[in-house]
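One structure coming up, written as structure tokens, with questions to follow.
As written, the chain order gives the labels A, B and C, with residue 1 at the start of each chain.
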Amino acid sequence: MNHNCSSREEATVGVGRELHDFAARLYPICRSITGEGLRQTLRFIQEHLPLQLHEVTTGTQVFDWTIPKEWNIRDAFIKDSTGRRVVDFQKCNLHVLSYSSPVSGKMSLSELRPHLHTIPAHPEWIPYRTSYYKEDWGFCLSHEQLLSLPEGEYEVRIDSQLTNGSLTYGECFLAGKSSDEILVSCHACHPSLANDNLSGLTVATALAAEIASRKGSHRYSYRFLFLPGTIGAITWLARNRESTERIKYGLVLTCIGDKGAFHYKKSRRGDTEIDRAAAHVLALLSRDSQVLEFSPYGYDERQYCSPGFNLAVGCLMRSVWGSFPEYHTSADNLDFIKPDSLAQSLEVCSRILEVLENNRLYRNLQPYCEPQLGRRGLYRSTGGEFIAEEISARLWVLNLSDGNHSLLDIADRAHIPFRRILEAARLLEENQLLERVSEHRMAVAEEEIADKKLATDQ
Amino acid sequence: MNHNCSSREEATVGVGRELHDFAARLYPICRSITGEGLRQTLRFIQEHLPLQLHEVTTGTQVFDWTIPKEWNIRDAFIKDSTGRRVVDFQKCNLHVLSYSSPVSGKMSLSELRPHLHTIPAHPEWIPYRTSYYKEDWGFCLSHEQLLSLPEGEYEVRIDSQLTNGSLTYGECFLAGKSSDEILVSCHACHPSLANDNLSGLTVATALAAEIASRKGSHRYSYRFLFLPGTIGAITWLARNRESTERIKYGLVLTCIGDKGAFHYKKSRRGDTEIDRAAAHVLALLSRDSQVLEFSPYGYDERQYCSPGFNLAVGCLMRSVWGSFPEYHTSADNLDFIKPDSLAQSLEVCSRILEVLENNRLYRNLQPYCEPQLGRRGLYRSTGGEFIAEEISARLWVLNLSDGNHSLLDIADRAHIPFRRILEAARLLEENQLLERVSEHRMAVAEEEIADKKLATDQ
Amino acid sequence: MNHNCSSREEATVGVGRELHDFAARLYPICRSITGEGLRQTLRFIQEHLPLQLHEVTTGTQVFDWTIPKEWNIRDAFIKDSTGRRVVDFQKCNLHVLSYSSPVSGKMSLSELRPHLHTIPAHPEWIPYRTSYYKEDWGFCLSHEQLLSLPEGEYEVRIDSQLTNGSLTYGECFLAGKSSDEILVSCHACHPSLANDNLSGLTVATALAAEIASRKGSHRYSYRFLFLPGTIGAITWLARNRESTERIKYGLVLTCIGDKGAFHYKKSRRGDTEIDRAAAHVLALLSRDSQVLEFSPYGYDERQYCSPGFNLAVGCLMRSVWGSFPEYHTSADNLDFIKPDSLAQSLEVCSRILEVLENNRLYRNLQPYCEPQLGRRGLYRSTGGEFIAEEISARLWVLNLSDGNHSLLDIADRAHIPFRRILEAARLLEENQLLERVSEHRMAVAEEEIADKKLATDQ
């Protein structure tokens, strides 16, 4: 992120453009937690990824929840006495309360009013509202529109269906060298909302495509989930309860397309490697980046971090959901998300994964005093007053590589970017000054730490 | 404390008035570490509580100390050459150095002067001074008074007695469901000083009366001690050394009647449940409230926290002793303590005890993903942007109730008042979503923690 | 340091004067990492201390390094066309790049220029440069001098020798009651640089002389090392690898003669007793004093704290090397170091050692309640509002002396100077209120802590 070479900048512009176009293609679709809009969205992603679509039948029990009826909608409107559509689903799919039951009839404005949702504080925006588990119907419209409606009779129609069907979600598994998995999850259940839902879908798709192109040469296996919020994550967890043991780390992506600074919300455990990796990467980005404590509200980290699972899953955002006025309104549109922001978010995800992929334990093979770096060409022989960061990175790696400090531990203690520390470790390894502590040993060490932690927590 | 309903306010005014009247009744009595004034004070408290009075004979060895002679005083004065009482014990009992030996005779002002104590910085106030363990006599007077005394001969009389007798203290035990005890201790040895000594006696009496009215339905047993400072606490500990094992937590009450912000001084251990409960309650009161580190000077927490006992006893104050100019002077009078302050102090004590009484471990019975609160009427189905604190409290209780986090742990982590968290826990328990982890298990867990702590400390 | 008595001030002035004179005697000598200048320096120190000189032959392998050839120099100059020495080693030994190979010949200014080192930012100062391990030659001069050189031919001569010989270092061992050692190490390889190298040599010599005068009555054994930086420390460690186990604590002294505030750089372990002792002493000196985290660059703490040794060795400085403009230039001269600063640095070293020598565990023999200090004359019987620090020190020592808190633990928790706490402990011991926990027990306790720490670190 600190590089300024113009070819790189151009590449970023190109990537950003592509990401924004991808979001724009998905924008018009009327998604909900079930139904054709959701399926259509997943099929579009399938064009870019080896994505498996799963269908789970209405009525299936998933932990404490039940898969609801499938909801589909063809049309909806409110017509005034002249037959003009004053509220029209065809113009904006936010106009209908999601999961509205069908309705058809004539009614006065005062009969209609309890079913109309607006945002008086932002009179030009249409709110986004849902009623998944309580049967209801309604329209969302701008407050200006509401105020302009004359008294009188209106024709009201919602041509929707609530039928036995299924809930759909998409899953893309990319096997790596280890069966340990990193989970990336995003929700796909919001209609025309850009930052909330499309930004996550877009970045996750690009990230998965990038990893897929490495053809399994990566350390971890990756599992990308594109699913309806809450009920989708609960469904996946209910159907894969045993295999969650393989999930070492995970990331929920949401609201990562706007211009705001990055926010990483820690996992419930709070001190896992992904929490530290994300904090490290964000600290290098800008002073505005923030690491937030876990809380049991937000997106699907709620489910992954429920006490029965307690997975090491955090949530990456730019502006925090609920904290920006455009949230859950028609103002969260394609202008609200920026090509540059999407590209940078993809880069940040890659950086976090880069840390996880490369964070290992090494052992200094010359642990008694410093090795003579000069004769290996790894030190400047006539020194000035200050030590360049690349030299200092080598000294730190040598000093702390006693089999107990991972590269991320070293990067954090040295206040040096992980990438620089990794570079130093590779150079020292090439020079036979460092060796990697075997995976097995590291796994054992991690288990021991986990055991101790458990013992302490109890 | 956050409620604004006027009936509650009126109740508080009424309680404050009663508390202040109680203090006013005790104000004129000349108390010391032994003697009739102390007995009279305890008998007055006895009218409100099942208080047992203990007498310990002069000369009894209590650890490193010996019960001193009993001190009583009938009269004391300094008369000028015209026979006028220029310093008169009958007008204010602070005029005599406490534990003054008897004296009677005539002397010049210069002979008298080494025996006169004043506060030049506050020339209108009379200081409070004592000489318990070194035989001495003296008078305390305002600096103005001293300056106004002409040279000449004075008649000096202290009609006191130091005789074999006994030290008196009062003890009120209120059995609860468990034999584990909470100790509340305050000193009763200062003459006409209101914030220092009367405020503690007053609030402790009201608190004990409140608990007594619950007729044993409370979780813990309570032991209230009203005793002379230092020597009284040492005496009680010497006579009850074995039973201190039952004391789980304790609170010393002093200087809690003035208008200052609350201060809680932590126990020597510093991280016990009462330390955390008090910090939690104070943090909700106001930003001015402060939690102070333990120090081995102050009131009787010094004895309860001596290394041989090391009890979990903290000290609750408003203004900190020694830090306000009125401390140990005639300005610490009935105007210095306020009905409202006394009532609020009583409320704060109750809140701290409420936390201790209700702080338990629970287990989420649906730990895999969130349970569906909506269908149980525990969630708002059509949500706005912000989650109400009551909903958030339920989510926190569910998320952290894994058998390892107490309600206080949850309240602290969620930054939500304990009472709200408790309310959520009860509601979730009623809805079969939560169950209490048995007392036995919790005791075992606490012992394990204590063992670990011990092992770490050693 | 808080005392103001004028006799003490005079003594300090006298000590400072002596220390500065000592540095002045060493200033003109042309030291390097080997050679006669180094030997001459060590022999001068030998006049003040029982210092053993060691010679290690060129070519000897010391860990990853090899003892280099011995370097000696008789003369060096650049003469202009008139035969005038425009750069003259006889005037200032910084003029020659240290370890320059011999050179003799005529050359034009442009041929010469790549071998000339200056500091454009400080045009009046001569830089100090070295090239120990890459054969090279060069001159250092002020930038002003360089600019004044006309084009033309110059006679260039460096009359140096690089021959098989040996590396010299000095070692002074002062046996104490215990075989556990405290190491004090300073570098002796810089030519006419005062703060960098002479200040350390001077203070270390005075400190060693002070300890030697105690004739073994001290608790720890002391080992003072005067050696060439990096290669000298590596050599000593290679030759004494086994006996490093006896080193409990150590201090590298450098740049402690200037007027800057004190800086203590922590050992790699960071929480050892010497780290805490130094932090305690510095905190009492002034708000400007700073404790710095360990880093693997700096002086010989790099070697002592390499992962194979990981000794509890910190580094005491005033201004931090590299952070002041005079560093490694001719401006680091005898005016840059101050008699007062040297004397205060000696005092600070003594204070740190005083803590280590006296930091022990005690046990309160009257742990149940406070003992009655008054009847032993250890408390003021008629108290005012505030407790004097000496009384408070006694209460803290009694309260925390449970066999688990050392005097330094107590001093830190009480925010009272160690010396005051030590004074209180001695007084209480005399009064049979305190007893020392045996050395053996303490060693066992420390080992247990170390074991636990090890277990936690792994």
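In this section, a residue touches a chain if its C-beta (ideal position, glycine included) is under 8 Å from a C-beta of that chain, and two chains touch if they have at least 3 such contacts.
None of the values given here were measured: they were computed from a predicted structure.
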Residue-number overlap at the subunit A/subunit B interface, same or different (half cut): different
Between subunit B and its twin subunit C, rotation from the CA superposition, multiple of 5 degrees: 120
Centre-of-Cα separation between subunit B and subunit A, whole angstrom: 52
Shared interface positions of subunit C, touching two or more other chains: none
Subunit A-touching residues of subunit B, taken from the complex the two chains share: 364, 366-372, 374-375, 381-382, 385-387, 392, 395-396, 398-402, 404, 414, 445, 448, 452
Subunit B to subunit C touching residues, read off their complex: 62-65, 129-134, 136, 230, 233-234, 237-238, 241, 268, 295-297, 302-303, 305-310, 322, 327-328, 456-458
